[in-house]
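The two complexes that follow have subunit A in common; it is paired with subunit B in the first and with subunit C in the second.
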Partner chain A sequence: MMQSALLAIWQADSGFPNGSFAFSYGMEAIAALRGRFSAQALTDLIESVLRLRWATFDRLLLLRAFRAGDDLAELHTLDRTCEAMTLIESLRLGTRRNGGSFVAAHARLGNPTAARLRDAIAAGDCLGHLPVMQGAIWRSLQFDEPSAQLASGYVTASGMIAAAVRLGAIGALQAQSALQSSLPIIEQLVIEADDAAELSSFLPFIDIAAARHTRADLRLFVN
Partner chain B sequence: MQLVPPSCFKPEPSRVSAAHLTAEFAGGRTILRRQQVGYPWHLTRGFYLDGARPDLLTLYLQSAAGGMYGADDLQFDVTVGDGAALHLTTQSATVVHPGRDRPAALRQRIRVGACGFAALTSDPYILFPDAELMLSTTAVVEQNGVLLIADGFSTHCPPRSTGVFRRFASELRIERPDGRLLILDRGALRGSDLSGDFDALGGARAAASVVLIAAPEQLPPAEEIEAEADRAGCFAGVSMAPNEAGLVLRMTAPDAGGLTRGITAAFHVVTRHLLCAELAPRRK
Partner chain C sequence: MGLQQTPSATSGGAKPSVAARIGIGGPVGSGKTALIEALIPVLQRRGVDFAVVTNDLVTKEDAERLRRSGLIDPARVSAVEAGACPHTVIREDPTLNIAAGDELEAKFPGLELILFESGGDNLASTFSLDLVDWWIFVIDVAGGDDIPRKRGPGVIKCDLLVVNKVDLAPHVGVVLDSMLTEAERVRGGRPVIATNARSGLGIEAVADAISSAVLFQA
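After this line comes the complex of A and B, so read on.
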């Protein structure tokens, strides 16, 4: 139990080189549209993402990859499903590049599952979408399922917070207030969400912002 | 003998309806080879509205029921044969009435043959308070077939009513004939999820998706579609679809009228590039 909690803290730490530094999850485009965020506005945005994409899509992919274990064929199927269901190109490429960096970091740390996945990505057998890679590798690290979900939810929320701060769209302390407000939402979703549900995602506002962002003149983030 | 109380009633059965359309290319234009459409739908006669594309058949689908009701289970199958060109659109927006815990469902199955063109552009579904709607579309498109499909919804609360819709769920699955999955767009939204400027719709109250399945060289410029939709009062974003399948357009609007104008604008930009023709306005 304690080991799993420590592993989750390690993997959720922004210092882990998982490639997320280059991605804003649509935040850059939304900040360009709406200007500065209040703490409440940022909390609302993160809650929308957590409820309508993370809990029903990323979290479920993570769980299914976690349960697939070393079944590369099943991971491949999940990866292809993630590809077909991520309709916006910048978000699709973002999660693939992010997943690839995550796998590469663990492979360099000597994780044999990560090494296999890195080879599968290089061979074109896997695409490397982040939630699928997280599920497979975190299982190999002996996470338990709740810790894996909490780490995933936290990484999603803290990634949005970090992007908003780096964009100057919110002050550092206000951003931490928004992150703190997001923690009980993550906990509630992990406890209450339906693990057997079909994958789904519904965030037109962020999809539109991310799609338009690819044609912006000046960009700090990939998406 | 068991007595039946005079006030007893049994729940109304679901309204189940299945419709089938088959459009084929014959004699230089697209004709309806098969039409099996019953209540609640009514289909107009076919129109050939476009001088530049005299082969393109346009059909208007109407509802004689005044909208969709709880437990409605409607199914619509459309087949567009090799080389045929069909535009199927609705005559107006569709009201979705309160479902009383029984969602209304519409299932569509579409098949587009080689070199076929199928455009299915629906006006928005108007979700009344407590309405619950499930849309499910499965399309099979040949490698060189073209499919344009547009669906959307708007929230609406009539005067002297309160509340929001209960749930809107949509699934669009597009495959090749060999079963290869191109796109799976599945999402659901509860009315209670709409809470302000940073909710799923960014504070808007209407949203639509337009998906175009076509070869890369046939795709219109994303900027042009976005600009036309923006001019119609929408907020729109265009992206390349997964698996090099075509384009995806998401849009939001303040209301159903704005969304209808945005879908119409997108339809005309896309068809201008795809068919190399300026199509006539679809009068409604």
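After this line comes the complex of A and C, so read on.
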């Protein structure tokens, strides 16, 4: 239990190099549309992402990849599903590149599962979508399922916070207030969400904003 | 086939890079892209098989500039966004750049050299040695002759310091010889090369330094 908690802290730490800092997953485009956020507005946005995309899509892909273990064929299927269901190109390519960096980091650290996933990506057998790679590699690191989900949810929320701060859309302390408010939501979703549900994602405002971002002349983030 | 049974081309995790990887960092506007543009024909003439990864700060302008230059196959130029963190993408978290280098190596077997151009930063930027084997820091005389004296980590720690735009020295009140002497002094005698990337001055010497340091060619 404690070991899994420590693993989750390690992997959720923004100091772990996995490329995530370069992805805003729509936040840059939303900040361009809305300007500055209040802590409540940012909390609301994070809650929408957690409830309507992370819990019902990313979390389920992570969980199923976690349960697939070293079944490369199943991971490939999950990867393809993520690819097919992520309609916005910048989000689709973003999670692939983010996943590729995540795998590269663990491969360099000597994780054999990550090394094999890296080779599978290079060979075209896997696409490398982030939640699928997280599920496979975190299982290999001996995470338990709840810790893996908590780390994934936290990384999603803290990534949005970090992007908003760097974009100047909110102050660093106000952003932490929003992040703190998101913690019980993550906990609740891990406890109560339906693990057997069909995959779904419905965030039209963020999807449209992310699509606009693709055409932006100036941008700091990949998506 | 399961992951545990998947034949791996590598043993364990630390896949050794085939191509030498070098960094080119320095403040915005110091001439990093111009230096690469000047190096490209020199490296090509020497038969070096190479590719470039750019880290643009807010656009893909540097990557597009190189791709449209006609100097290099556009497929050999890869762009990595810096996510508003030009330090981070080359130092604290170089994984996007590592992955971009791995992709180029997979795409171009036989690649000998990858140049990673930083997005442009201040004098404190340095490259992670997880990413590069050797790195250049570029400053320019128009930035002021006091830059070496400020002893920024980039100026001090790089393997080669390039002082670019030397043709501008008389126009910006810089005594070039003094600036170069001071640069060598603060670097403890480690290499400093004066260049004018637009005219080609000093570019052969930079290529010589790269060849000697990472390609093991005299």
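One rule holds in what follows: the second predicted complex is superposed on the first by the 223 of 223 C-alpha atoms of A that agree within 3 Å, B and C clash if a C-alpha of one lies under 4 Å from a C-alpha of the other, contacts with A are read in each partner's own complex, and residues count from 1 in each chain.
Definition applied: a contact is a pair of C-beta atoms (placed from the backbone, for glycine too) under 8 Å apart; a residue touches a chain by one contact, two chains touch by 3 or more.
In this text, all values refer to a predicted model and were calculated from it rather than measured experimentally.
In the superposed model, A:Tyr25 makes contact with neither subunit B nor subunit C. Using the contact criterion defined above for the overlaid structures, shared-chain residue A:Ala107 touches subunit C, although it does not reach subunit B.
Contacts of A:Glu83 after superposition on the shared chain: subunit B is touched, whereas subunit C is not.
In the superposed model, A:Leu45 makes contact with subunit B only, not with subunit C. In the superposition on chain A, A:Ile208 contacts subunit B only, with no contact to subunit C. Once the two complexes are laid over each other on the shared chain, residue contacts for A:Phe143 go to neither subunit B nor subunit C. Once the two complexes are overlaid on the shared chain, A:Phe221 sits against subunit C while remaining clear of subunit B. Judged by the number of subunit A residues each one touches, C leads among subunit B and subunit C. In the superposition on chain A, none of the residues of subunit A is touched both by subunit B in one structure and by subunit C in the other.
Note for the complex: subunit C touches subunit A at residues 1-6, 8-10, 12-15, 57-59, 80-85, 88-89, 92-96, 98-99, 102, 106, 130. Within the complex formed with subunit A, the subunit B residues making contact are 169, 181-189, 193, 195-204, 207, 209, 222-223, 226, 235-243, 248, 250-252. Looking at the complex, you find that subunit A touches subunit C at residues 15, 17-24, 69-73, 75, 97, 100-102, 104-120, 122, 136, 163, 166-167, 217-222. On the side of subunit A, the complex with subunit B involves touching residues 34, 41-42, 44-45, 48, 51-52, 56, 80-81, 83-90, 92, 198-205, 207-212, 214-215.
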